[in-house]
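After this come two complexes, each holding chain A, first together with chain B and then together with chain C.
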Partner chain A sequence: MSVETTQTSSTALEPAIPETGKGDLLRRLVMTLGPILAALVIAGCILLAVGVDPLAYYGFVIERGLLSPLGVQQTLTRMAPLLFLAAGLIVAFRAGMWNLGGDGQFLLGAVSAAAAGPFLVQFLPTWLALVCAFLLATAVAMLWSLLPALLRAYQGVNEIITTLMMTFLGTSLANVLVKLAFLDPSTTVPQTRTLPVEDRLPRLFDTTISSGLLLGLVAIIAVHLVMTRTAFGLKLQVVGANPRAAVHSGLGVPTLTIAVFAISAGLAGLAGAVDILGVQGNVRADWNPAYGMAVIPMVFLARMNGFAAIGFVFLLSILSIGGESAARRLGVPHHFTLVLVSIVLITLAIAEYIDHHFIKTRRV
Partner chain B sequence: MTSSSLSAANGKPDIVTLERVTKRFPGIVANNSVDLSIRAGEVHVLLGENGAGKSTLIGMLSGLQQPSEGRILVDGVPTAIASPRHALALGIGTVFQHMMLVPTLTVAENLLVGGPWWQRPKAEELEARVAEISRTLGIGVNLHAKVSELSLGEQQQVEILRALLRNSRLLILDESTSMLTPKGIDDLGALMRRLVEQGLAIVFITHKLKEAAGFGDRISVLKLGRKVGEITPERLRALSEDEIIAQIVELMFGKKESDPEEQARVARAFSAETTPLLQVRDLAVPATATAPGLASISFDIRPGELLGIAGIDGNGQKQLAEALAGQLETSGGSVRLAGENLDGLGVGSRREKGLRYLTDDRLGEGTVGTFPVSINFFLKQIGTSPFWRKGVEQRQEIDRRAGELVREYDVRTPSIKTPIGRLSGGNIQKILIARELAEGVKAVIFNKPTYGLDLANTLATRQRVRDVAASGMAVLLISTDLEELLSMCDRIAVMSGGALVGTVENSGDARTKVGRLMIGLAA
Partner chain C sequence: MTGLFDEVFLAALLFGAVTAAVPLLLAGLGEQMSEKAGVLNIGIEGMMILGAYLGFLGAYYSGSLWLGFLAGALGGMAVAAVMALLCVRLGLNQIVIGIALTLGLEGLTALLHHFQFSRSYPRLPAADKTAIPLLADIPVLGPALFQHHLVVYFAVALVFVMIYIYRRTQLGLNLQAAGDKPAALDVAGIDVIRTRTIAVLTTGALAGLGGAYLANVGAGIFIPFITNGAGFLGIVLAMLARGRPLWVLFGALLFGVCLSLTTAMQVAGINMPTDIIQMLPFLAVMIMLVLFGRKASLPAALGMPYERGAR
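Then we have the complex of A and B:
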C-alpha cells in the first residue's frame, strides 16, 4: 500500500487547486497515456504467449464493449454499481482509510435489496418499495462496516486487515442468506425471488441502459463536491493527510472515522442494490462479481478525483463487458481484464517513479 | 579557561582527535569548530544540554555523518569515517541512547548478527570469547536469554559486550544512564572504570553533572555547538565534587562576553492584586511508557505577563503544553482562563475560549504539508464563518484573508496555493503564529517557538511573543534556551521530572538560580 499512500498524500488537494499551464497538462497526458500504451503492449505479449492474437482481442473488446449498440448500452449499465463503489472508495481513501471490504458490503447490500424488493412491491407503490430497498441495503452495509470502524477509531486496529476479513465473512453470509433465508421456493436454482422486470429501475429512453447510471453519476459527483468543497470533506482530508494535525486542530477523529466507514460502506451497499434493482433482479447463490476489488485500481488511477474516476470506470466497464464477450469467443479467461488493469497500474506507478526521479535530478 | 588538548601530553596517546570540526545542517550549525582529544585509558565526558551538539558529534565519530569542515584523526592519521561499518573497523564502537537490539532474539543471536552471511554463526567461539570478557570485567550475561526479558541495564551490558567483541578501542556511550536505575548507573560507572584500566578510551555523554564529576577523567562542555571549556584530569583530581559541579555550571550557564541576541529587558511590576488570566491548579497527567507524567503543576499568569518554563528537554514540558491545550487527558487538577473553568473541554472548545497552543512540532502536527498555505492558516477553524458558510467552503474569503495574513506576518511564499511543506521553518512558524493569534486570543502557550530557526526569524519570533504579552495576553513560554527565557520572561519556572521545582523572578541573579534548579540543586 505504500506507493498508493504516497500518491494520496501528494495529490490530496489536487482537484481543489488545479495547476494550470499547457506544458503541465501535456506532460500529464503523456504520463497517463504512455504507460497505458506500454501496458497494452505488455498484455499483448502475454496474449501472444498463450496463442491469442492480441489485435483480435483488443479489437473484439472495443467492438463489443464500445462500438456495437448493444455493447455500449451494456457498458453504460455496468457503470452504475462501479460508480457507487468508486464513490465509496474515494471518501475512504481521501480520509486515509483503506476500506477494502467493498465486496462484502456490496453483496450484503445486494442480498438485502433482493430480499426486500420483491417482498415490498407486493403492497407498496413501486417507487416507495425501491426506495425502501435502497435504504435497507445502505443500512445493512453500514452495519457491516461498524466493527472495523470501531476497532480503527478506538483501538487503532489496522482497517486493511479487518475490512478484508469482514469481506470474506460478508461474502459467505450473503451466500448463506440466499441459500437459507431468502431462497425462492418456486425455482430449482438456488437464488432469491426475482423482482419483476416492470418493477425494476426504469430504463433510459428507448435503450436498455438502466437509470442506475444516473444515480451513480449523481453519487460520485456529489461525493467529489463534498470532499473538495465542504468543511466536512476538508476535515476528512486532514484526517487522511496528517492524523496528528487533525488531533492538534481539535477534530473529533474517532467520530469522523466512523462516519467515513459508514459513508463508504453505505455507498458500496447502494452499489449492490442498484445492480439488483436495476439489472439482475435477484441474487443467485455463489454470485460474486468482485467489482469492489476491480474498482480500487481505477480510483487510484483517477487519483481519487471523482470526475476522472467516471472516465476510468467507463474504461473498466468497456474492458469488463468486452472482456466477457472475448472470453466466450477467443477462449481468453475473462479475468484477463484484471490482468490488463493491474499491468496498467504497475506501468503507471513506474512512470510516476521515473517522473519524480527526473524532476528531482533536474532541480539539483 | 580552555586548555588546548592538541598535543598528546603525559604519555597517553590520542586514539581519536577532532580538529576544528564543524557540522552544518540547513539553517543550523550543529557543531562549530570543536577540538577534542580522546585518549586511551580515559573516560572523556561530553556534557551539554539538548541541542548543544553532542549527538551530532557522536554521529560523526560513528560514521553516520561527515564533518562539513575540519578533520578527524585516528591514531594521528587524518581519516574520513565513511560509514558505521568503517567506524567499527577502526575500533570505534557506539552504544546509542536508544537500544539497538532485536527484542525477539536471544542475546547470542543479537551478538552474532552482522557476521558474514555465507558462514554458519560461530556460536561456540562466541561463547568462549564472551566468557573471557565477562570474567575480566565481572559482568554476567546469559547468552540464551531473550533480549525482551532483560532489564535496560542488562541490555546495555549486551550492547557494550557487542562493541567489545568487535575489538573496539574507543567506546562511545550516548546518554547511557538516562534510562537506568541509580544502582544501574553505579554499576555502569564501575564497568567504565574497569574498561579504561584495560586501556580502552571511553566517551561518555550525559547531561547529568553528578555523573560527569563522578565518572569522568576529563570533562568537555558543549554549548550551542561550541566547546566552551574542558576540565583536565589534573584539575579534576584537585577539586572536590562540589567545586567541579560549580565550575561546570559556570561553563554551561555562564554569560557569554558579547551576545548579539542580548536585549535589555525592562523589568515589569505586576501588582499582586491583579486577577490572573490563566490559573492552573494541581494539574496531573499519568506517565506512560514513553513519556513522563505531570504531578501537581500550579501557576498563575496575569494579563500581560510572560511566564517562562525552563528545563532540560523531555521533563514534561510537551505534556504540560498538551494538557493545557486539551490534547492530553489529565488525571486531576483544573485550568481556569479569565475565571472560566476549562476542565473537560476538548481542543476545539479551549481554542474558542481563547487558549491557544503553538506546537513545537511544526511539520508533525502543526501543519498538513501537502495542503496549501491558505488552508493551513485556517486548519483550526474548519467550518467556521466567514470561511465556510453552512459547511460550504468560501474560497474567495479564505484566499482574501490568507493574502492579508501573508502580508501582515511577512510570510515569504511563492503563492498562497503553495503546499506549506515547501516553505522554510521560519515561514511555517509565521503561519502557525498567525493561526494561533486569530481573533479571540486570551492566553498563548508557545512551545519552543524559536527552535531550529535562523537568527533573523528567531528575533522576529521573540518580538512577536513580546508583542502578544504587551497587548495584555497571558503568555507561557516553554524553551530549553535559557538565554531566551532570561531575555524575555517576567518569571521563570523550572521543570524537572514532570513537576515545577521552583519559580524565579527574572532579575539579578536569576541566571544562576535557574541554572542550579535545572541541574537538580536548590536555587
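Then we have the complex of A and C:
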C-alpha cells in the first residue's frame, strides 16, 4: 500500500514513491550518488582554499570511519542516537510538521537518563533501571514538545519557530540541570554522576559496538512500517499532504498533531538516552553534539524513507567519527562536516529539480 | 542588588538594549519583506552569520567600519541571491534550502575563523558614536538612546521607509500581492519571480548589515556562531508584527531589553547561573507566542513557490 502524496508546498523532495523497475532504481541511484560526489568536489575546493589537501582529509575520514576495526565499531555505535533522531524526524516530516527542536529534546532526554540511570541502578536490577531511564527520557522529551504541539494544533502557530525557540531553551535548561540539580559532587568537572560501565547497555558479542545500534534499527524500521503500512500512518500522511483535506475527511487533526509531536520528541529523547546509557555514561556541562540539526538533511536525502535513512545515517556516522579524527590530524575543525552536509543537501535539491523538470517531462 | 536602579546603570542597560535590538530590528524588517512577498526565509540566520563574518573581515582589514558594513550587506545579499535562485526561481523547498544555508554558513564561517583568527582573536576598536544634538543632553535617556553609531539611526529610519513603501508605493502593493495572491499579480502583468527576488535580496542585505553591526559594533569581534539565533528571533518578530514595521521596532526593543538584562545581570554580579539568564529572551518569545500567537497572521501563499499555470 502506498500513498501518492502531492505536497502542496514543494515540488522537490517529496516522500519516496516506491520504485518500479530497474531503470527507475538506477536513476534514483545516479540521482543520489551524483549530487554527493559533486558536493565532495565542491567541499574539497573549500579545503584547498584553506590550504588542506582534500584527498588527505577524505582519506583520513574513510580510514578512520570505515576501514580501521576500532573506527568502524565507533561508527556503528554512533549510529544509535542518530537512528532514533532520524526516526523521530521521519514521523514529523511525513506528517508535514517541522520539528526542528530535536537538539533540545535530545539533550533533555540525555540529562534525564543520566540523572535516573546511576540513581536507579543502586536498588533496581540493571535491566529495570535502564528501562526506567529510557521511559523517563521519553516522557521528558515529550513534555518539552507539548507547548509547540498545542500552539500548532489549536492556535496555528508555526512550529518551526516554536520548536527552534524550545531548542534554545532546552539546551540552556539541560545545562542548568547538569550544573545545579544533578551535579556529581565527587568530581571537579561539572558533570552528572557516571553510570558504571558494567551497568550500561550491553555490547554486541566481542565488539565495542553498543547494542543501542539494534534498538535504533528497530525504532527506525518500526517507524517506517507504521508510516507506510498502517491506518495511523496513512492518517498522518494525509495530514501532511493536505491538512484541510484531512479535516474534511473527518480526521482529528489537532489530536494527530499532538501525537506526531509526542512521538517525534519521544524518539529524540530516546536518542539522548541511548547515547548516555550506551556510550557516554554521564552528561558533561555544555555538552551539545547537535546531532539533531545534522540528521535533518539525512532524512531529506533519504526522502523520508526509513530504510534509505539507515544508509544515510551510516554515511553521517562515518563523516562524524572520521571527521573528528581528521580534525585532530589535519587541524580542520569538525564544523567542516556541517559545510559538507549542507552542500550535499543543496546539490541534491538541485538534482531533484533537474530530475523533476527535465528527465520526467521528456519521458511523458 | 545595590545600584541596579542608579542612573549610570540604567543608562548602560538601555544603551545595551538598543545595541542588542538593532540586529534584530534589521533582521526583522528584512524577514518581514520576504514574508510579505511569500518567501519564508529560514536562511536569514545564515545571511546574518556571513554578514557578521565578512563585516568583521572588511572592517578589520580596511580599518573602516563603513567598508565593513558594506561587505556584510553584500555578503548577506550573496546568500540571498543563492536563496532567490534556488527557492524563488527554481521553486525548491524554502525550509530545506534555508536550513542548508544556515548550517553550511555557520560551519563555513567557523572553519574560516579557525584558520584565520583562532590564535589571535583580534578585536576592533570601539565604534564612533554620533550624538544627536540637544536630545543627547537629556539625562539618562540621552546617553542611552541618542549617542549611537549612525547605523542605529539608519535602522530606525528604515522602519519609516518601510511603512512608506508598504503604504504608498506600487512596489509595496506588488510585494503584498506576491505573498497573498501571486496569480493575481501575474495577471496584472507584473513578474512575481522578480518581485519576490527583490524582496529576498533586500532581506539579505538587511540581515547581512545586522550581522555586521552585531560583530563590529555590538561585540567588536567575530566569534563562531556569534548570531546565536538572532536571525530566528528576527523571524519571530516578523511573524508577530503582522506586516507592520513599527511593531518590529517595538518587538526588537523588547527583546533588546531582555538581551541587555542578560549582560547587565552578569555585570552586576547577580548570583544566577548564566544559563538561566541566557534563557530570558527565548522565554520572552515563547510567552509572546502563547499570548499573541493566534493573531500572528501570515500571507496566504507563504512558503509556496510560484509557477505560472500551476494550480
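Operating definition for what follows: the second predicted complex is superposed on the first by the 342 of 364 C-alpha atoms of A that agree within 3 Å, B and C clash if a C-alpha of one lies under 4 Å from a C-alpha of the other, contacts with A are read in each partner's own complex, and residues count from 1 in each chain.
Methods note: a residue touches a chain if its C-beta (ideal position, glycine included) is under 8 Å from a C-beta of that chain, and two chains touch if they have at least 3 such contacts.
The structure displayed is predicted, hence computed values, not measured ones.
Legend: residue contacts after superposition of the two complexes on their common chain; A:231 is shown touching chain B, with no touch to chain C. Legend: residue contacts after superposition of the two complexes on their common chain; A:180 is shown touching chain C, with no touch to chain B.
Once the two complexes are overlaid on the shared chain, A:151 sits against chain C while remaining clear of chain B. By the document's definition of touching, of the two partners only chain C reaches A:46; chain B does not. For chain A, the partner with contacts to more residues, out of chain B and chain C, is C.
Once the two complexes are laid over each other on the shared chain, residue contacts for A:249 go to chain B alone; chain C is not touched. When the two complexes are superposed on chain A, the residues of chain A that touch both chain B and chain C are 9-10, 12-13.
Those residues of chain C that touch chain A in the complex are listed here as 40, 42, 86, 90-93, 95-97, 99-101, 103-108, 110-112, 114-115, 224, 229, 232, 235-236, 239, 273, 275-276, 278-279, 282-283, 285-286, 289-290, 293-294, 296, 298, 303-305, 307. On the side of chain B, the complex with chain A involves touching residues 326-327, 346-351, 357, 359, 361, 364-372, 375, 379-380, 382-383, 388, 391-393, 417. Every residue of chain A that touches chain B in the complex is listed here, in rising order: 9-10, 12-13, 17, 229-232, 234-235, 237-238, 241-242, 244-245, 247-252. Against chain C, the residues of chain A that register as touching in their complex are 8-13, 46, 50-51, 98, 100, 147, 151, 155-158, 160-162, 164-166, 168-169, 172-173, 175-176, 179-180, 293-294, 296-297, 300, 332-333, 335-339, 341-343, 345-346, 349-350, 352-353.
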